[in-house]
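Note that chain A is present in both complexes that follow, paired respectively with chain B and with chain C.
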Partner chain A sequence: MIGESVPMLDSVARVTGAVDYMINLRLPNMLFGKIVRSQAPHAKLLKVDHTNALQVPGVVAILTGEDLGANAFYGVAVKDQGVVAVDRVRYVGEPIAAIAAESLSAAEEAALLIDIEYDELTAVFDSQAAIQAGAPALHEKSPNNIFKHAKLRHGDLDAAFAAADEIFEDTFTSPVAQQASLEPHVSAAQWDGEHLTLWTASQAPFMVRKTLSEILGIAPEAVRVIVPPLGGGYGGKGHIRIEPLVAAMARKTKGRPVKFVLSRAEEFVTVTKHAASITLKTGVKRDGTFTARQVTIYWNGGAYADASPMLVPAGMVRSVGPYRIPAVSVDSYGIYTNLPPAGAYRGAMSSQTTWAYESQMDIIAHKMGWDPLEFRMKNLFVSGEHFATGEELHDVHFVECLEASAKGLGASPSPLTPPPGGEGKRGRGYGVMMKSTVATSKSQARLKLMVDGTVMLYTSTVEMGQGGHTTMAQITAETLGVPLSAIKVIGPDTAITPFDSTTSASRSTSMMGNAVIAACGSMKKKLFELGAPLLETPPDQLRTENGFIVADETSISFGDILKRNNLNELDEAGEYSTSLGLDPETGQGVATPHWHQGAGAAEVEVDPETGRITILRYSAAAFAGRVVNPRMAQLQNDGNVIFGLGPTLMEEILFDGGQPTNPNLADYAIPSIRDIPNELISICIESDKGEMHGIGEMTLPSVAPAIANAIEDAIGVRIKDLPITAEKILQALREKAEK
Partner chain B sequence: MIKFLEPTDFSEATSLLDQYAEEAKVIAGGTSVVMMLQQKLIAPSVLISLGRVSNFDFIRHEKDGLHIGALTKLRDLELSEVVKKFCPALAHTFSVVANIRVRNQATIGGNLSAADYAADPPAMLTALDARAQVQGPNEKREIPLSEFFLGFYTTALEPNEILTEVIIPALPSSARAAYHKYTSISAEGRPCVAVGAFADFDPDGKCLDLRIAVGAAVETPQRLMEAEAMAHGHALTDELIAAIAEQYAQALDPLTDVRGSAWYRREMIRVFVKRALQEVRDDR
Partner chain C sequence: MILNVNGSKHEVEAGMRTLLEVLRDDLGLVGTKEGCGVGMCGACTVLVDGKPISGCLTLAQQVAGNEILTVEGLEKDGKLHPIQQAFIDEGAFQCAYCTPGFILATAALLNENPSPGEDEIREYLSGNLCRCGSYQNIIKAVKTASEKARQDV
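So, the complex of A and B:
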């Protein structure tokens, strides 16, 4: 069963539109919610008057800062973000009030009648401007606007730079972007006395439960979080978003449920990808080895710390690269600005850091006269070596990934009709990525065997289109020895399904997969014990097959074992967790249970008259450990590349005075079907050790540098600021011609 | 609440429009109006839907040219054998608008009436000297497309008039046309620069007539008669094409938006006027 390309369990429902997405949820007596948002990027709130809004027929209740208690603030480590703004707003789009009404139009009408007076304060939008002396401080506790400074110190940096033959220093930037999942953020809440039920499109139901219990002052068990299948997450639903506001609003509606669906424009102010400026100072020797690397990163966290106190250290670890470098120092700063809060974005932080270190690899190779591929091969980590955190690396396959992706491009250039100008220039480029997953996390799974042989798998892994539930069903079928059709996946529902930290960082196949394997192990053990007397065979001589316990010459179905033992069902649980981490002062320790490894190779053609590029071929290789479902693995690889083309070539939220000017999918372009490379090659590298890895991000972060490197190979210009637009390429070509 | 009215013919539609005047917005396929409603760029209290108006989704090749009913879907125009035979470049123009989901819904009348500068058909239709037939409560009249677009989202339609038909004059058999849409970001995006070109040649390949309309980079589709006249009586050599393209690049005043700066658009006007002219010259 593992290793078979079975279709996604809900593939037909997804295609026909039969999936019960949150957006379709209709509860009896349900009210409609609308959020009133700040028009000012930074201001004191002088007045939030909802007197007139309350008079609108159909309006049931209005939530403002006055309703909030002292605990109504949240954030992963720094609790700086209010359920709605209290006294002060810090970005355009910040929720100031919420309305629950009998109809959406009544809520919208009332929203216009909330009387808000601002006393505008100086705003700052750029992360490096925000840390200058005299910049306005967004939060009292961070007078310099730095809410997190993560440090990695490894080796004698000064001595190592002194030993270098050449030192390179380059800065690479990524702009604010948006996860742009097809399904927006949507949540509904209903109170029954002091018990809350929340339906939400979230990647982390237990994180939502914990946060809501803290904010609302009720026990975690009094909060039930139900997560239907998601229409995409990409990290944008990985942390707390609108859930606190929705729950707080519903507390004022006397038990009636209220549902909020964000518009596309609201999506752009709800969560973003961190803008980043990354400076790499790298020392190399003439023999092609590294001596030292110093990394300085300014992450634009937006107005609230949100998940950044966790992501900024992750970005630190993910900024070094998969190469043998004796001395490494990283300073990773999380900075407040008057932009919407930034959060996880598929390939979190690695999308920005890989752009930097893999671009610089080619800059170095060109300057030193080395072949970019050979330069990488010579320096890539192999198993048994030590990373800059001091940890020993195991199951390392960077060389195989890079070799396979390069080979995937083929020896001959891509056949293609000539571009309109007839003078396209072609080039090839490469990128390799090294990314950590969550260091400390826990997954639990529960199995229930029914008399008819049905196996219920209770899991809080969120199905968001990645095929997570199919993967878990396949692992169950294989490990337990039952047909796939016998398995029914239930969850997530925190009242029913057991704990899981989060569906993110490509951790589920590994972490939840191992919890499922553990649960299957317990279930088998129990079945062997119960079946042994019936089959008159010792438990250690039994095996499972197709829903039966099998001895040498006899067998009995799982269902019959229950019946013969007078049981209606059999319940077993499994758990898998890791508890790792780094020293906060030195960044030394163990960053991750295993490293995400991926590589990409691009062949592009540049139209020198327009600067527009065509990606002829893209070959992506991921280290998968052991592939559960080859077809879905390929789709993840392909999806990574297509998703990665967005920030590489086109995605950027533009702001004017903190106001997004392209908050719609007509002006904010994401890759369309016609932007996909003519040839997409997907490779999964497997390991004989058989450890299952996630593959949801492995081939994404390499896309931008591989394409930039291919462009330089084609026309000799280097772009250091994403996105790589045709206009930037043409400008660079003109500047090169003038020299 | 917006009132949604569904007249069954254009007379009824125009009298409703006359009645509600500025409060009303006409909606056909809705691909433009609905987006503007969602973005709160417009806030009509009445929507006059043309969804129940029949007999205006026609494509007819008549003696005087091609007649297209205003309610014809772009997808039908793209696929129409009549349009392909009349002018392949025109069918091509419709085929590159947005994506198939939009083209299945959007109408030619709606596309032109929206007067969105970042659209494809206006430049090509302007180069083909098309005319818009419009109907008011009392009378019908014709407006040449060259006078139809007045500015951003603004047309020569009176507040109570509706576009009912587009007429493209008959093309000489020796004429050729080309449409070049340049997308600078996503391949499915709106044009950064749109160039519609039409040329007629004598048997020796000398240019008898040339019309080039540049759209998307400027507020409304723009022709430069002086530059066009440079071609009259001459073969379209690379040098002549370059000179005409240079004129367009120099004389037009391009705008800046997410799809490109004014500088970049000027460069792209030069490139795509050139490519469009090369196509009409070479494509026999």
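So, the complex of A and C:
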């Protein structure tokens, strides 16, 4: 079963439109919610008057800051974000009030009648402007607007720079972007006395449960979080989004459920990708080795810390790159500005950092007269070496990833000549990525075997299109020795399914996969104990096959073992966790249970007349450990590259005075079928050791630098600011011609 | 007002609501999705007299009297439509929020052009967005469905 491209378990529902996404949820007596949002980027709230709004026929209740207690603030580490704004707003789009009504139209009508008076304050939108003296402070606790400073210190930096033959210093930037799942954020909540049930499109049901318990002042067990399949997540549904507001609103509707569905425009102010400015100072020797690297990163966190106190240190680790560098120093700053809060965006933080370090690799190689591919090969980490955190690297396959992706383009240089009659100039470029996953996290799984042989798998892994439930069913089938058709996957539902930290950071196949394997181990042990007397064979001479326990000459079905022992069911659990981390002052320690490894090779054509970029071929290789489902792995790999083309070539939320000016899918383009490479090659590198890795992000972060490097190869210009638009290409060509 | 959907006539009070709203809220045909609300993503694609349109940009009134086909109308005698089967066989989806729109757009394409080349497929399906990036397998599925239809003739 492991290693087979079985279709997703609910494939028929997926092609008939029958998947029960959150937007389909209808509950008896359900009310419709609407959020009233700030028009000002930074202001004191002088008045929030809902008297007239409450008179609109059909309006049942209105939530404002006055309803909130002192604990109604949340955030992963810094609890600075209110369920709705209290006294002050800090970005355009910040929720100020919420309305629950019998119809959406009534809620929308009432929303227009909430009377809000602002006293506008000076706003700041750029992260580096926000840390200058005299910049307006967004939060009293962070007078300089820095809410997180993560540090990595490794080796003698000054001595190492002194030993360098050449020192390169370059700054690379990425703008604010949006995850843009086609399914928006949707949540519904219903209270029964002091018990809350929340249905939500979230990647992290237990994180939602914990936060709601804290801000609502009820036990975690009094909060039930149910997550149906998601219409995409990409990090945008990680952490906490609209759930606190929805739960607080429902507390005022006397037990009636209320559902909120965000509009596309609201999506753009609900969560974003961190804009980043990354400066790399890198020392190299003439023999082609590194001496030192100093990294300074300014992450634009937006108006609230949100998950950034966790992501900014992750970005620090992910900024160094997969190369042996004796001395490394990183300063990674999380900064408040008056923009919407930033969160994880598929390939979190690595998209920004890989853009920087892999672009600089080619800048160095060109200046020093080295071949970019050979320069990388010479310096890539191999197993047994030590990373800048001090940890030993194991199961390292960067060289194989880069070799495989380069080979995927084909060896012949002939495609690099322009097509007959064509004006385009062609070039090739490469990128390699090294990314950590979550250092400390836990996954639990529970199996219930029924007398008819059905195996219920209870898991809080969220099915968001990655095939997580199918993967877990395959692992169960293989490990327990049952047909795939015997398995039913249930969850997430925090009242029924056991704990899982989150479905993010490509951790599920590894973490939940191992929890499932542990649960299967316990179940087999129990079945062998119960089956041994029936088969008159010692437990250690039994095996499982196709739902049977098999001895040399006899066998008995799992169901019959239960029946013969007068059992209705067997219930077994499994757990897998890691507890790692870094010293907060030095960044030394262990950053991750294993490293995400990927590489990409691009062949592009650039039209110097129009600046148009065509991706002729893209070859992407990920280290996948042991592949559970090859076709789903290929889909994730393809999806990484295609998703990555967005921030590379087109995606950027534009703001005017803090107001997003393109918050819709007409003005904010995401890759369509016409934007994909003419030829896309996806490669999964497998390990004979059989450790399973997630691959949801591995080939994404290399896309931008591989394409930028190919563009420089083609036309000799270097773009350092994403996205790489035709306008930027033409501007760079003009500047080059003027020189 | 009468709407003719998937071969059945439905009496609806559409008012000024969009076809998408009426299909989802009144008729319970929730396979059709709203993605962007401005006709850019194709998640709300339905066929009107065989032509793909955006349900979010079309008032239900405008298509009274026309034949409307949604994803729910594709199955025949409890069997998946060959395009639906091809999407499964080629693994042409991940989160599948966009899938009904892609399948209906494919049905319209193959109706107009039973043997489209890859460029024609890319051109025709460019009004449907898949954020998961399953496009390669979608192209394979369209080709498979096209070949299957030719073999069956």
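By our rule, the second predicted complex is superposed on the first by the 730 of 739 C-alpha atoms of A that agree within 3 Å, B and C clash if a C-alpha of one lies under 4 Å from a C-alpha of the other, contacts with A are read in each partner's own complex, and residues count from 1 in each chain.
Just so we're on the same page, a contact is a pair of C-beta atoms (placed from the backbone, for glycine too) under 8 Å apart; a residue touches a chain by one contact, two chains touch by 3 or more.
All values reported here derive from a predicted model rather than from experimental measurement.
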{"item": "Partner chain in contact with A:Ser5 - chain B first, chain C second, else both or neither", "value": "second"}
{"item": "Which of chain B and chain C A:Ala18 touches, first, second, both or neither", "value": "second"}
{"item": "Partner chain in contact with A:Gln466 - chain B first, chain C second, else both or neither", "value": "second"}
{"item": "Chain touching more of chain A, residue-wise (chain B, chain C)", "value": "C"}
{"item": "Contacts of A:Thr725 with chain B and chain C, given as first, second, both or neither", "value": "first"}
{"item": "Chain B versus chain C as contact partner of A:Ala137, first or second or both or neither", "value": "neither"}
{"item": "First, second, both or neither for A:Ala163, with chain B first and chain C second", "value": "neither"}
{"item": "Which superposed partner A:Leu230 touches (first chain B, second chain C, both, neither)", "value": "second"}
{"item": "Which of chain B and chain C A:Leu635 touches, first, second, both or neither", "value": "second"}
{"item": "Which superposed partner A:Ser105 touches (first chain B, second chain C, both, neither)", "value": "first"}
{"item": "Residues of chain A at both interfaces, chain B in one complex, chain C in the other", "value": "263-264, 664, 666, 670-674"}
{"item": "List of chain C residues in touch with chain A within their complex", "value": "29-38, 40-41, 43, 70-72, 74-75, 80, 84-85, 87-89, 91, 93-100, 103, 121-123, 125-139"}
{"item": "Parts of chain B lying in touch with chain A, wherever the complex brings them together", "value": "1, 35, 38-39, 99, 180, 182, 184-190, 258, 260-261, 264, 267-268, 271, 275"}
{"item": "Chain B contact footprint on chain A (complex, rising order)", "value": "105, 263-265, 420-421, 609-610, 612, 649-650, 654, 661-662, 664, 666-675, 725-727, 730-731"}
{"item": "Sites on chain A touched by chain C in the complex", "value": "5, 7-8, 11-12, 14-19, 21, 23-24, 180-183, 229-232, 234, 263-264, 464-467, 631-632, 635-636, 638-643, 664-666, 670-674, 676, 680"}
